[in-house]
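Labels run A, B and C following the written order; every chain starts at residue 1.
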Amino acid sequence: MPDDLVFFLIQVLNGVQYGLLLFLVASGLTLVFGIMGVINLAHGSFYMMGAYIAFSLTALTGNLWIAILLGVPLAALVGFALETLLFRHLYCRDHLFQVLLTYGLILVLEELRSLAVGDDVHGIAVPKLLDFSIPLTGALSYPVYRLAMSLVCLAVATGMALLIQRTRLGMTIRAGASNREMVEVLGIDIGRIYRLVFAGGVALAAFAGMIAAPAASVYPGMGNEILIISFVVVVIGGIGSIKGAFLGSLLIGLASTFGQVYAPESAGMAVYLVMAAVLLWRPTGLFGRIS
Amino acid sequence: MAEALLRVEELTKRFGGLVAVNGVSLEVAAGEIHAVIGPNGAGKTTLINLLSGDLVPSAGRVTFEGWEITGLAPDRVARLGIGRSYQRVNIFPELSAFENCRLAAQARIRGVTRLWRDARAALALNEAARSALARVGLEAGDDRQARALSHGEQRQLEIAMTLAIEPKLLLLDEPLAGMGSEESARMVTLIAALAENHGVLLVEHDMDAVFSVAHRLTVMLNGRILESGTPDAIRASAVVQEAYLGSGVEA
Amino acid sequence: MSRGAAQGAFVVLALAALTLFPLLADAYQLQLGAKIMIWAIFAMSLDLLVGVTGLTSLGHAAFFGIGAYALLVLSPEYAPANFWLALLVAVAAAALAALIIGLLVLRTSGVYFIMVTLAFSQMLFYAAVGSKALGGSDGASIYVRPSPDLWGWAPFNLANRVHFYYVVLGALALTYMLLHRLARSLFGHVLVGIRVNAHRMEALGYPVFRYKLAAFVLAGALAGMAGLLDAAQFGNVTPELLGWRQSAQALLMVILGGMGSLSGPMLGALVLTVLQELLGDLTRHWPLPLGLVIIVASLTLPRGLSGLWARGEAPPRG
């Protein structure tokens, strides 16, 4: 195969991988937004939190797998705690107050991290099992870890889809999204559902941060960066739509990757151009509904 | 017979496979109260939405005073002189009843530059608001917050706002819904009086009210017009009786 | 004393205090005071959109940044730009940008509107980052402050901190008077109506889009003026002035201070800036207590800080 084509394919793989990672983060955001009606600016901080937890636990245990195994439940616990202490007070409030409170939360989480582990940039070694590349042509090869990331994200995405479409819990979540009062009247504890969804979203974002860390390094600003992009994805896909978040993530992942490679000066703009274009065509996103 | 104020020709609205309004044609003349009745789901509210500009027709024509208004946006329709009241009260809850009407009355002032005036000095607006409130039976200087009004009073306010823009044609969507008998009676008297200066298209379920004020009736069923004519003709129509007025309603 | 008279007295007192402040303040405090007032102008302009018209924009910094970059573009390297010309260009450029962006974004609403406004400001941000002429990601510096030279006579010297303070105070007073007048005008009432029930406004015959656009352009113009003043203060013009954090900071001031009132955003600008300064002196980790204060404030102050004494007057929003 000619080198140019292989190079192009590598970018496609990179774009898809980034998109799938974005999906893990954006799906939590869109669920919380779509089901509980809460805009959570601190969602990017959970991603950052996951990466730093992975770093700390890997340094402690010497093993990324164990770190992830311990870290994800830890993140979920943090999610439960935050929902119980703070977020449940936001459900009936105006979006602007949610923006205010969650912005305050970003500040708190960032500084807590700073106090706990400092502000240094860290790297995590790719686990030995996956630390090799598949050669594609004489000069180009593709790191297996990235393929593994994509597969894991895909697996999680499939799991989510099955959970939402095929299980009773998923059905309850979908029902709660379209009609909260009705679900309550049916005797289902909507509060418990909300807590689960929120904790799930936190865990997903943290997990994404954990698996991304070996490939992308661990640094203080990583939360804010992915926050903005995740919001873009959610809005493109349509608020509350997992399908939309999936498509939006892939679209943005590819746009961003190709932008950086083929038009680096305007790479940053690419994402926003895509969003503006989608919204001007479909003002409520690809699969959004006017609530 | 007066020249038609509103002429509707073969108006149709499809939502995917569902045809909510199917080839409806009717006319409303100035000084006339034309009531549209029919069971729930007959397409009456959709019809009003099509006429007010809230929905765009799939087919058909609407002309007002000879001008074609098919598919125009709601604000343009309103500026041309068609006022619409809503089935579900659509007011400004945070503002006082008086402010609601004054805001409505202000809509008649055209031109952004002319608005750079102190609102309180606009006496004419205040007068218009007061008279609109009085006409519907509310207190002329009603300072109460709109959301604090009783349901019946909110419905009155709803009508007052529609009157305040001084339309030539009124589209009234179930103005009596949820009203007690005394309030209903007052509203019916008001609607009857409106015919003096306006054309009225009235959608209502209250048959007594409808038969007492309407000059013409149109019966809708499943999106189509079943029959159209004077109240007596409709009362006598066997088709209508079977399909709609049927059981229990004193005709 | 009637409520109106009390408010009037308060305004006079505040104005007096602000006018006398330079007599008591040291150089640092003077600069801080000017900075707070510039943020106050920016926040008030955003409140016209958020609190009055109900349009929550997360891209308002676009117009602020345009104002700042306008001064950069007009300033020759070692000579002063003309202040009046720069002001005119900054306001006009910001207004034009607001017109174009407004025409595009005002078709959307709610959260989507928030995001599209963000998108456009981010696009401008990246355009600035990618522009070598504008200094790229590091931005550029204006070495000589603009001069208000009018046919040989300069009424003030912006390099003088006291003069600069009073110029900004003048701009703040003008902005306040403009928005105060607007709030009481028929135009202002239309904007409030749009916020409360835009659908009914349309049904009454108001061309809602045009009104929203007018508000958007006016807000953008005021933000442009604030950006120009900001650039004139220290001469630093960077892409961050166009970025979402700048927009978010202004939004925070509006929400924290209290939306829909003129005093709210000013209060928000004052409190947030002062808090940051005070906490910054106390600890390296100042965002932590700041974040906690913000969280507590959002939970306990439904109408922001200005809601504390507005109790019993206007009804709660939403």
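Note that in this section a contact is a pair of C-beta atoms (placed from the backbone, for glycine too) under 8 Å apart; a residue touches a chain by one contact, two chains touch by 3 or more.
Given the structure is predicted, the values throughout are model-derived calculations rather than measurements.
Enquirer: Counting one step for each move to a touching chain, how far apart are chain A and chain B?
Expert: 2
Enquirer: Check B-C against A-C and say which one is joined by more contacting C-beta pairs.
Expert: It is A-C, judged by the count of C-beta pairs in contact.
Enquirer: What chain sits nearest the middle when you go by CA atom centres?
Expert: Chain nearest the overall C-alpha centroid, as shown: C.
Enquirer: So how far apart, in whole Å, are chain A and chain B when each is placed at the average of its C-alpha atoms?
Expert: Using C-alpha averages as centres, the distance is 50 Å.
Enquirer: Just how far, in Å, is the C-alpha centre of chain C from the one of chain B?
Expert: 44
Enquirer: What whole-Å value do you get for the distance between chain A and chain C if each is reduced to the mean of its CA atoms?
Expert: Averaging C-alpha atoms per chain gives centres 33 Å apart.
Enquirer: Find every residue in chain A that makes contact with two or more other chains and list them.
Expert: As it turns out, chain A has no residue touching two or more other chains.
Enquirer: What are the residue numbers in chain B that touch two or more other chains?
Expert: In chain B, no residue touches at least two other chains, as defined above.
Enquirer: For chain C, write out the residues touching at least two other chains, lowest number first.
Expert: Residues 317.
Enquirer: Help me check something: in the complex, which residues belonging to chain C touch chain A?
Expert: Those in contact with chain A are residues 50, 56, 104, 107-109, 111-112, 115-116, 118-120, 122-123, 125-127, 129-130, 244, 248, 251-252, 255-256, 259, 285, 287-288, 290-295, 297-299, 302, 317-318.
Enquirer: Using the touch definition up top, name the residues of chain B that touch chain C in the complex.
Expert: Listed in rising order, the residues are 52, 54, 73-75, 78-79, 84, 86, 90-95, 102-104, 106-109, 112, 115-120, 122, 125, 145, 147, 161, 165.
Enquirer: Okay, in this complex, where on chain C does chain B touch?
Expert: That would be residues 184-190, 192-193, 196-197, 199-208, 210-211, 214, 314-315, 317 of chain C.
Enquirer: Name, in rising order, each residue of chain A that touches chain C in their complex.
Expert: Residues 33, 39, 86, 89, 94-97, 99-101, 103-112, 114-115, 228, 231-232, 235, 239, 265-269, 271-273, 275-276, 279-280, 283-285, 288.
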